[in-house]
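Every chain is named by a letter (A, B, C and D) in the order it is written, and numbering of its residues begins at 1.
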Amino acid sequence: MSLVEAFRGVRNHSLYLCKNLITEDYSLQASEEVSPPKWHLAHTTWFFEQFILVPNDPDYVVKHPQFNFLFNSYYNSLGTRTARNQRGLMSRPSVAEVKAYRAYVDEAMANLIQKNNPTIDELVILGMNHEQQHQELLISDLKYSLWHNPLNPEVMDISEYTPESESKWISIESGVYEIGYQGDSFCYDNELNPHKVYISDFAISSALVTNQDFLEFMEAGGYDDPNYWHDEGWAWTKELEVKAPLYWEKKDGDWCYYTLDGLKPIDKKAAVSHVNFYEASAFASWKGMRLPTEFEWEVAQDQFDWGKRWEWTNSAYLAYPGFTVAPGAIGEYNGKFMINQMVLRGASVATSEGHSRPTYRNFFHPKYRWQFMGIRLAKSL
Amino acid sequence: MSLVEAFRGVRNHSLYLCKNLITEDYSLQASEEVSPPKWHLAHTTWFFEQFILVPNDPDYVVKHPQFNFLFNSYYNSLGTRTARNQRGLMSRPSVAEVKAYRAYVDEAMANLIQKNNPTIDELVILGMNHEQQHQELLISDLKYSLWHNPLNPEVMDISEYTPESESKWISIESGVYEIGYQGDSFCYDNELNPHKVYISDFAISSALVTNQDFLEFMEAGGYDDPNYWHDEGWAWTKELEVKAPLYWEKKDGDWCYYTLDGLKPIDKKAAVSHVNFYEASAFASWKGMRLPTEFEWEVAQDQFDWGKRWEWTNSAYLAYPGFTVAPGAIGEYNGKFMINQMVLRGASVATSEGHSRPTYRNFFHPKYRWQFMGIRLAKSL
Amino acid sequence: MSLVEAFRGVRNHSLYLCKNLITEDYSLQASEEVSPPKWHLAHTTWFFEQFILVPNDPDYVVKHPQFNFLFNSYYNSLGTRTARNQRGLMSRPSVAEVKAYRAYVDEAMANLIQKNNPTIDELVILGMNHEQQHQELLISDLKYSLWHNPLNPEVMDISEYTPESESKWISIESGVYEIGYQGDSFCYDNELNPHKVYISDFAISSALVTNQDFLEFMEAGGYDDPNYWHDEGWAWTKELEVKAPLYWEKKDGDWCYYTLDGLKPIDKKAAVSHVNFYEASAFASWKGMRLPTEFEWEVAQDQFDWGKRWEWTNSAYLAYPGFTVAPGAIGEYNGKFMINQMVLRGASVATSEGHSRPTYRNFFHPKYRWQFMGIRLAKSL
Amino acid sequence: MSLVEAFRGVRNHSLYLCKNLITEDYSLQASEEVSPPKWHLAHTTWFFEQFILVPNDPDYVVKHPQFNFLFNSYYNSLGTRTARNQRGLMSRPSVAEVKAYRAYVDEAMANLIQKNNPTIDELVILGMNHEQQHQELLISDLKYSLWHNPLNPEVMDISEYTPESESKWISIESGVYEIGYQGDSFCYDNELNPHKVYISDFAISSALVTNQDFLEFMEAGGYDDPNYWHDEGWAWTKELEVKAPLYWEKKDGDWCYYTLDGLKPIDKKAAVSHVNFYEASAFASWKGMRLPTEFEWEVAQDQFDWGKRWEWTNSAYLAYPGFTVAPGAIGEYNGKFMINQMVLRGASVATSEGHSRPTYRNFFHPKYRWQFMGIRLAKSL
């Protein structure tokens, strides 16, 4: 597949994800952390316009002088940002105008790519990966926003994932292992600098924790016993009166959860999802076990099935030895988030095809639950 | 005009106000205090369905079982309310569905009204007045929400109001005056119970304060001198760094303001608008004068021109002697707001035709500015 | 009694109120609204130093150059204020130093007063009244702060007040009445400008509402029925989960309350205290009655017993006709609070002797309860 | 030195630290994070009473039944806690009573220790280390609280620390190193489980960053360039308008800082203190370097001078392999804080003698500055 075909494939997938939305859905933003579908569609387009077309195509005319202002996100190096929590207020430009913006930029990008200027290929691939990240956010953000609607809208069928078999313990011997990306395809800067890590003897489970497992924790009073929780996690449960994973609600005495396909009874065999680090860690503590480190996960990952839940690790998101921040706006991509975030490994049912890999480092603040986040257990030997 | 014609007139006017909106505009809610146009269209419809059709038409089938839940507003007597600050998140039902809901209820209402059941006429008229109140809110809420868009959308032409002539002082002699509604048409319960009030000698200005007047206050440092302000108002200016009325912004050194017809240079001869009670009172204090009481206003109103700005009075919104709260949900209409609100008299460029009268008592917390609120001066003699 | 004797009497009373305090108690500040005893002792002294000694006694040397900064309160006209919520953090100057400051200023003041300079007498009397106001605040603030201590400290014996007899209805005929202070002793500027007010027929109860009365309201579910409450009051009860007056707590199934003499069982015959306007108004509404206006109270007050509870009225704290703000810092005394406050009439068990009178206008935001505030009922006839 | 002598030495040191305090100082609590001196004196005593005397001495009578409630801190396993932010409100028990409580418990403890019951020795040593931790907090908390007083109180002479010589780079070769406590004296559970860690080639500076170094960062606009900062750190500087380390203020154009010995001009040669992780990391980034990991620090520490500043590392505070939480209240000591905290290594001018060691792991949330925290640079080779 040529680069231009791959580019068009990624771009079309964003629109495909929205195929069941009504115009009103495109503006939903239920909290500061989530963005409206329209904003995701526009922001990913702005990335190509601003970082590739404007610097590299002298004939390119920007679609609208204020779009740079409206669709910029977190890049402090470029101009003022619109307040992040007000993206849902941008009724104009309309959905139709944003789609026209996409088509306009896609056309210019396709032309530019076909000029075979090798200096931009790397940026095009970065832009495609950036858009794939936003595709996953579009799904998880939309789920969070639609969940606020008592009508339980149905817009997407992401089928649940059920681990194929009973979990077994996979044992790994202590020793020095090589960590980090060593291939020659695309990866993010935070995976680079392959380096040695000493790992002590440990075992890791072959399958993810299920809804049935997590219900047992709930029924055993797991949310009410501070001994299983981090101090900060315990305060979080108390303040928000948390008693179950996100999207779970009792209906006529039975647990249900909101999915993008409507409200459903809990599938007990499915892998638990939408738990945060505090919950994942408390569950592990209740089982007398722990979460794996990201290094343990990477070393053992080829012996187990993964890819349906982002898996919380007990590793803080920090720089690999020798990591340096690239100069300019592109350099803001990853390094500046390296504090108070925990690493998640794997991929989820919402991750775009081909976007993840064994060395991929996803990361979120330990309190967040709105991604498709799950639990895999480990123990020291 | 028959009641059914009047009913249809009011109902159609709500849709007419939205004629330039795009679908995306109908969901805008920029703060907890304002509601989206779609919600206003639905809530006013719900009022007719819930208070008139359901109790009085045995054949009526509610349009959707959850609309009672979704479009209820502040009536504590009726079921749970959807969180007021999340009205903008209700992407479903769609705009088209809400318009269908309106048509459905209008048809049932027209049939019911034509059955000439006199016991419901009073409620129909209350519902029409309720809808007119929401028509004004629809305009002012929409202005507030669209103002957050850097593209300065243009959706409505409400021309500015310029007082016709120089202001003169109108003197009124002290004595006992009769206050409150004494006619036999519709009025709200808060205007009832006509009663005597003793008023001391005073004078009131024939014209509203203009933008030019208010600019002079600003240029004289009015926003920076605590002596003109209530303690609470001063804290408000400091906390929000207020330096001008709402919607004013400096552009290339000149004051402009956002109107529903886009961003415009200030019209200095127009009556100032979008000031709160603190600002109105500080301006009066700077002039060595004061705001009129609502009784002074009512006694003098036939000697001056009014109707383009809601005029802040120095009267707290309290019950007239003998005021009692009607039982049930309708009784929640007015009485429960009788604390920490100041009375505004008059009407504004956004008020629906025929909705106001000399005894009409509008009221808002002193901090609010998003209505078309202006200033008329008074002084004791 | 000479002015200097009266001055010394007021000054000594402040210290007398603190006679059972330990050094640690003098710094307590449990919320932004209350001030520590040490601050009250210093601030009232600062008032005499700054407004009388500095401008009028050329030989006077200020006690400490930073005390003006430390003990200034709300006067925006004079320098920067220390943050109001950090008064409890001023461990230095010590209690002993503040008492020395008092003695130093008292000596200078006594000398100045005895020079018989009539121009300062009025200010001395204002300063004495100012100190008396702070004496009451010292008591109510201290009660609020000590209440946070699980040891229930006992520091003062303010005996409860029990209305002497059954309440009767006192009827007043409609007519024009004269309102406001007409004597030639001291009064505040907000009582001045005697003026006519028309009052409609009403009746007012001769005795205050008792704890027994209020318990009946509580037991009848008064705190759980929104129909009795202002919208704002209802939100207040829900947010803070209010179920009883301030200082009430259930102990082994029985209601007790914290008093400055320790935790005691409720005295059912005593007048209810520490209720806010919302509670007072909800209670009246539950009884099918209402609160009196401040004018009704003033007209009828000589026919009933009062002086043990500040009595909530249904009048907003607004200017009397012709009220003007005095220039300079003294002018900040009252006028700037004339918004979002309700008037209380009477006096309380904590009011210094001779401080109140029939025209006295006390005022607080409707949400506050920490003063000794009670309820008297009225009804329109 | 016998255990009872060591016990008495630690206990007396707490009182020695307070020798210049006045009674009023003992109650100061300027924020939720800091505790009053009186609380530290009482809480450390409570620890001995509750964990040693009550379970081990059948004749022991608790000093006061409510002290367990009042002086408990973070131990969720034991009863209700008094709100952490209200410790400053506990005027009773008095300072004198708390000192009597200390003497009473000390006497009982001395008797118990001298009975030579070996099972309690370990708990006594834990209690002594616990008290030493609180001695450092007593100093840093007191500094923070007194800083709010415009009189700049002088209570303690902790002389500044000036690195002895120019900083040099110490290079360490890559390899597997042993990390964690391996001795047989006291250490905390978080230092246990010595284990192997692979470390890549790096260099670390022999001396701490000085005030002069940090001033250069400030003058180069370090606080205004987002490229040096973590996203979260940048937001922190913007929200609080941070422009310098804690306690620094400009006076007549020159930088001064508040010390426990009063306000002083900045000593440029002294090691910078009171910076948080964000500032330490931004400084390192501006220098083109980075902070060391806690493992790098531990491996290299015997080649440099340390002990005057807690040194921020780029390691998150996480469990060592095989770490397990002890059952019961003692188990809450460390494990539950292992999220969103960064490790600091070393010791400070406020650390009690003998309390730290090369494997000691201190930890704080990256935003905090009120400890004596400094910066040491490192770089990958």
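The criterion applied here is as follows: contacts are C-beta pairs under 8 Å (C-beta built on N, C-alpha and C of every residue); 3 or more make two chains touch, one makes a residue touch a chain.
These numbers come from a predicted model, not from an experiment.
Colleague: Any chance you could name the chains that touch chain A and chain D both?
Modeller: none
Colleague: Please decide if copies chain C and chain D contact each other with the same set of residue positions, more than half shared, or with different positions, and reply same or different.
Modeller: Same; most numbers are used by both chain C and chain D.
Colleague: Could you work out how far the Cα centre of chain A sits from that of chain C, in whole Å?
Modeller: Centres of chain A and chain C (C-alpha means) sit 57 Å apart.
Colleague: How far is the middle of chain C from the middle of chain D, if each middle is the mean of its Cα atoms, in Å?
Modeller: So the centre of chain C lies 45 Å away from the centre of chain D.
Colleague: Using mean CA coordinates as chain centres, what's the gap between chain B and chain C in Å?
Modeller: 36
Colleague: When you check chain C against every other chain, which residues touch at least two of them?
Modeller: If we look for residues of chain C contacting two or more partner chains, we find none.
Colleague: Pairs of chains that touch, anyone?
Modeller: Here the touching chain pairs work out to A-B, A-D, B-C, C-D.
Colleague: Report the residues of chain B in contact with chain A in the complex, numbered from low to high.
Modeller: For chain B paired with chain A, touching residues are 22-28, 30, 66, 69-70, 82, 86, 88-95, 145-146, 148-151, 153.
Colleague: Which residues of chain D touch chain A once you look at their complex with the stated criterion?
Modeller: Of all residues in chain D, those touching chain A are 74, 76-77, 174, 176, 195-198, 200, 202, 226-227, 229-234, 277-278, 281, 285, 290, 314-316, 318-319, 321-322, 325, 331-332, 336-340, 342, 366, 380.
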